[in-house]
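Have a look at these structures, which come just after this line.
First chain A sits with chain B, and in the next complex the same chain sits with chain C.
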Partner chain A sequence: MSTYTGRREFLKRMAQGAGVATTGGLLWSFLLGQQRHARANMLRPPGALNEPDFAATCIKCGQCVQACPYGTLSLSPSGAEVPIGTPSFSPRDVPCYMCVDIPCMQACPTGALEHDLERIEDARMGVATIDHESCLSWQGLRCEICYRECPVRNDAITVENRPRRTSGHALFVPVVHASHCTGCGICEYVCPTEVAAIHVLPPELVQGKIGDHYLLSNDAEVDADGGPSASPAGDHDAVPGLEYLNEGER
Partner chain B sequence: MASSVGSWARRNRYLLARRCVQLGVLLAFYGTLHWGWSVFGEPLLAGNLSGSTLLGTIPLADPFALLQILMTGHVPLLEIFVGAAIVLGVYGLVGGRSFCAWVCPVNIVTDAGEGLRQRLQVKSGFRLPRHIRYVVFGLSLLLSALLGVAAFEWVSPIGILHREVIYGIGFGLAMLVGILIFDATVLRHGWCGHLCPLGAFWAQVGRVAQVRVAFVEASCTECGDCLKVCPEPQVLNLKAAARAGMVRSGECTNCARCIAACPEGSLAFALRARIRSVPPIRPGAAAPP
Partner chain C sequence: MSITRRDFMRDAVAAATAAAVGVPLTSAEQALAKEAESGWRWDKGVCRFCGVGCGIQIATKEGRIVATKGDPDAPVNRGLNCVKGYFNGRIMYGEDRLTEPLMRMKDGRFDKKADFVPVSWDRAFDEMERQAKKVLDEKGPTGLAIMGSGQYTVPEGYAAVKLMKAGFRSNTIDPNARHCMASAVVGFMQVFGIDEPAGNYDDIEEADTFVLWGANMAECHPILWSRIANRRISSDAADVKIVNITTFTNMSSDLADLELVIKPSADLAIQNYIAREIIARDAVDKEFVESHCVFATGPYDIGYGMRADSSFAYDAEKDIQAKELEVKLDRFEAAGQRREPGEVVKQTNRGSAGKHWTISFEDFKKAVEPYTLEFVTELAKGDPEETVESFREKLEALADFYINRDRNLVSFWTMGFNQHQRGSWVNEQAYMNHLLVGKQARPGNGAFSLTGQPSACGTAREVGTFGHRLPSDMVVANPAHRAKSEKIWKLPSKAINPKPGSHINKIMRDLEDGTVKFAWVQVNNPFQATANANHWITAAREMDNFIVCSDVYPSVSAKVADLILPAAMIFEKWGLYGNAERRTQAWREQVPPPGDARSDVWQMLEFAKRFTIDEVWGEQKVPGLKAEGYEDGKLPDIRQAAREMGYKPDSTLYEVLFANDANRKVKWPDPVAKDHENHTAALLGDGWFPEKALFDEYTQFGRGHGHDLADFDVYYRDDVRGLRWPVVDGKETQWRFNAKYDPYVKAPDFEFYGKALKALPQGDLDKVTNPEKSGLAGKAKIFFRPYAAPVEQPDENFDLWLSTGRVLEHWHTGTMTRRVPQLHRAVPTAQAFVHPDDAAARNLKRNDVVWLESRRGKIKAVLETHGRNRMVRGMVFVPFFDEGVFVNKLTLDATCPLSKETDFKKCAVKVYKA
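Take a look at the complex of A and B:
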């Protein structure tokens, strides 16, 4: 490098350096923003932290991929619709078979797959959603394959009786209960329609939230589902506005 | 004929050794995943260069990747700290940027780029200061903190090449072709010698590295053959090397090209502790006290 010839030259070089760093930094940030885009139905392995924390913590080593005995997981190559180098799975190709010892999670060295998941049934990789218009059961057939293959059937999927008018027999339709669905995707894998009528999607894409200020009836079912009536039940003081409404009663 | 092959192999013994180690590491990862290689029933080397487990028990991790994760404000599990410490310790012994010349798979690509450059007789026009890698290193940490993801790990050609060889090919190999063309036609030793922040990281570790290239000034004829083959010629300041008895700069990758090129045998690998104890010998000149 040439020698510095005075203050003017020094300042010029500093400005150039800062310019290069800023340009490079902005370009780099843009690339990172592009890389973070994921397809909406991307499913992470069991125990995965929420997406921003997962993206920060995953070191992209692929040890979860190697630990999976079924070849469910794959590391995303660059240019794919999943953030580069991170693990995910597509249940229509290979679902998660819910190993009881959760080897993928145990293999994670960084904790991007959190190690405090004790039972695989508590995993929430996704939630199954049913398209009524292509589901065979909803068309009146006794399919119910998703129900029978579900590893947590009768909890995550039940078959409900849906009477019709006298012209047809009752429908027996599968119903997903998000509170027990692990998102393993076996239902999507086994669904016999050309394009699966049952899809597993990330929970945040599917699930709403009632909000704590709604006080539902003290229905046992709602309680069991961990619904909002669980916490305020028996503690009416915690419900905003209630005290004011009941003032005359005391 | 046989003797010419033998002499070629002797001249290129370090190059051959480096390629063996580079491809051997890659093969160990690949074989463990695809062919189930194991020792005493434990998987040989599971993972990749970012993080792995040796023989099912010993964690290994890229300390620079860990540093970036920490910059995002996340504290990962203890296992990754242990792995990073082991790797840091190993390269602290064998020379920080030994990683670059002996393990990193991108080195094969950039060496090919240099080979192509020489074959095409490309004149070096574009120049960039070498210390720009420390700017890229700083940016890696800054962007990790600002954007909440390990900034270099998300664009690293090292990670891309390693992952896509082991776990399946994607679009990323285009980036490697890009680096090859960049090194061959735009900037000589462009990626490894100027830009790579992982190289910058290991260069800092290399300041305390134990395995160094020792220099014996007495037999040196200053022919300059070493400088012609060195990918980081700024480290071969022979006056400074004569004073220290070795190439001190952490930016030296311990690639041993200079050792193979030196017709006088003035350069050789040695341990730093040994080098210090060798008094400077120079016929006719008084040794300093």
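Take a look at the complex of A and C:
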């Protein structure tokens, strides 16, 4: 623990030093060699490009880290799960408090954090996911701290009431809606269980995807131009199944 | 030597430990882990926090609480808890737990200006004795005060009352429950002549309409709220409705079918609108009203419970303070009082706010006549963005719910009603409407006052730890009640002081003006919880007085005290609590208190050993005492009478009041303990069981008078999860005043048999016309009370309303919950909830640090515009749990003049960037 903290502090200080900020790119590019393909479980600052582009664009200057008023961000040390020297945060330690003016993004000199993010509520740093079995609220207790503390409460997290016939006390279960979850991680930070029952992970690790060919009937309107084409395209030489139909046993 | 996993896991304790830290276990290993858990000792207990009174089960091992769970057999909560309850087992283990007495000392002597240093218990009691005797000599018994609590166990509250009222002959004892439900008590006493609700929590499953009046149950009564939610969403009857009447959108609104956002104090007018509608639509339950009710009213010019003079006011406070004596009526007040707008009314009934008389139904009808839909909409609509039409429709829908005969309706309220400059009035009005339509004291129908503290009912109210009260609804001002108490307590006649003592706000004022010079704080944190706190903190630190604080953690009250006594917490002592539905629940001592911490009972009993009756039962001066049979300003010498009763002059208060012959017959050890300890009995060391002896003595007050409690041992039986009093022939009572359920009812259907305030003169809406009193046995009163405007309102300088209250995560002043790291982490600080437009108009944004300033002080807080509480424009809300955001430095110490309960919901502030 202390070694880890010490090293992290050392790197952070290095990264935050003015000299390093201008020449550091060389050092980091070198170190990055072996680390490039590390899997990112940690969360990126708001506005971050998709992971490959971010890794290529971030010059590890640490200016976003310096700009964060809450000490949320840190530069990854060597051996971490994200490429060394790039900014990330671990919400159980310090979540993103969703500054209205997004100072970390404003500080980014390269566009690794895209400056066209206008509202912090539109950031998609990660997605919260609940372990129902250790969530107090899902077990019937009146907790719902994640819901009450969620900065986009009622959009990103809602509470659904469900009857609980065994006791006559309704459940108040928190439900995450990825379409509004910014991934700030405040829910994970405030969760009162010993190990958080709600975790924020990079969206690609959490989110599934329904096939394009099927639309849930309660999903708004269907795009008239965007649906799949009416019949399979192609010339008659390659009619699917034709070869099978025409061979033998006639 | 190497140990395999298999070897290691053979040890059941290791398996249990592994299970606890999440090491995956095989099924065989899980069985071993379970075996280790079975080594835990499980016993029943009660949640430490709110007035809901959830049952829990507590597991202990080797003197520590190792786990708790919701008690599946507890009817209140059926195995569930809220997130505070989840941490019951952790609240005792904060790092800064107080474990030894601390006193301000310099060069071996007490010095008010010195720092705290550890002292022995003997040294602590020596100084308390010296200081108390000095004050007794200088000021008489009323110079001594106790600031007690609705978190007292029953035996603690009883010991405190007896020590003060029977021992020191001082009525200067009052609980923080004064801040919490005193207005509810006045409502009960005035309307029914007996305290506490007719109904109970079973009403939830019987009702189909729930009206919340100033009660954010979703956060403040979380487990009851989940019962209501269950009723709302799973009822086969399908048409269950919830109405939330509030001054801003809170979490209870999320489940509400109808939300009325109202202006502060507009509840008074809305109640009258409903009454007017009931009459106008011919919906009065005539048979019920004629058989069981009378109409009544009282004076309107009653002040606001502030001081009458400005000698202690800051300059900035003087404009509001002046309104205590005369008030210029606004047009809404004037209409309801049948006066002219702008008329200046002298507050001549400040000292007689509770007096009342019967009126005719015709007068009552005339009184509510001005509260038309249009008038009340204009007066009451609280959200500037809501249309008049929308609000008007909501008011009509609300009246429909009361009037619809097919609906079973329960009104719930807490601090929005009780902490109100006309809190007693609005409580009376709640019953007014329920009585008019006959929806009272029937399953699923009733006005139900919720309580905030775990034993506000069971101890503060039933035991009577108030300045004016004695056990079981009796009062010191009543000679018959004093005589009865003197008999049970085996005291000479005239031992009890007939002059009601100061209420808790007044005790603070008494400290400021030097009337009280010795104050003992028990089981609460009044220096953080009392409004206008800057005054009282200065009084504690700068005046010549001695303040003792029994506490478990270094609270604000401990910090301003002169002597800190480390106290035992709930599961470190024996106790009983009584919840809001009259349910008395008990627990055993589960673990020993840490270090030198000791129970409050032990502290009081040890202190009682320091005083002989010769010292305290001589003639005593009591400034302002005037009572029949007493010389003005004096309590008589009762030492001779005491001698004749067999007491010796050098008998101590401990021997006379507590370890007397009757109580010593209640032996410790006792089989009811099973294998549980009692550190209080052990330390006293004289072989009796103080908590049981005191409880059983206390039950003598209520038996046969509608307050019957069972014997001590009954509450400890394995098959008992509390009993709702009156417990008659071993049977609890669900609905009082209803012949089907209440053995005290002799009438065929309903009887409001409470005896207090049941002889009244007759009058009209303004005055008594026939002073001859007639009896109203068995009847309830339907009061008319007019709208009254809040005494302090936003103006051009202080331009926003400030309301205070709770959050789900924290309890009261946070002394316990802020020691639970997980709760502290979830809500580390009290935020200032502000409407986004109000923030924008002041160039403020979410998470900005802002100043909040009132006439009385200023504090810093972090601004929240998108929080759980969604404010209306013009209104700020700040929770009071956080001593770092000390909101009671801002609040106004105006009270309901009847109940003396502070209005923490209405004062004016400004907000600006820090």
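Here, the second predicted complex is superposed on the first by the 176 of 250 C-alpha atoms of A that agree within 3 Å, B and C clash if a C-alpha of one lies under 4 Å from a C-alpha of the other, contacts with A are read in each partner's own complex, and residues count from 1 in each chain.
Just so we're on the same page, a contact is a pair of C-beta atoms (placed from the backbone, for glycine too) under 8 Å apart; a residue touches a chain by one contact, two chains touch by 3 or more.
All values reported here derive from a predicted model rather than from experimental measurement.
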Comparison of chain B and chain C by chain A residues contacted: B
Contacts of A:V175 with chain B and chain C, given as first, second, both or neither: neither
Touched partner set for A:Q66, first chain B, second chain C, both or neither: first
Partner chain in contact with A:N161 - chain B first, chain C second, else both or neither: second
Partner chain in contact with A:L205 - chain B first, chain C second, else both or neither: neither
Which of chain B and chain C A:P52 touches, first, second, both or neither: first
Contacts of A:G85 with chain B and chain C, given as first, second, both or neither: first
Residues of chain C defined as touching chain A within the complex: 22, 70, 77-83, 85-87, 205, 222-223, 225-227, 229-234, 251, 254-255, 807-809, 822-823, 825-827, 845-847, 866, 868
Chain A to chain B touching residues, read off their complex: 1, 17, 20-21, 24-25, 28-29, 31-33, 35-36, 52-53, 55-57, 59-63, 65-67, 74-80, 83-85, 107-112, 115
Of chain A, residues touching chain C in the complex: 97, 99-100, 136, 140-145, 148-149, 151, 153, 159, 161-172, 189-193, 195
Residue ranges of chain B in contact with chain A within the complex: 32-33, 43, 46-48, 50-53, 59, 61-62, 65-66, 69, 72-74, 76-77, 79-80, 83, 129, 132, 135-136, 138-139, 142-143, 146-151, 153-155, 159-160, 163-164, 166-172, 175
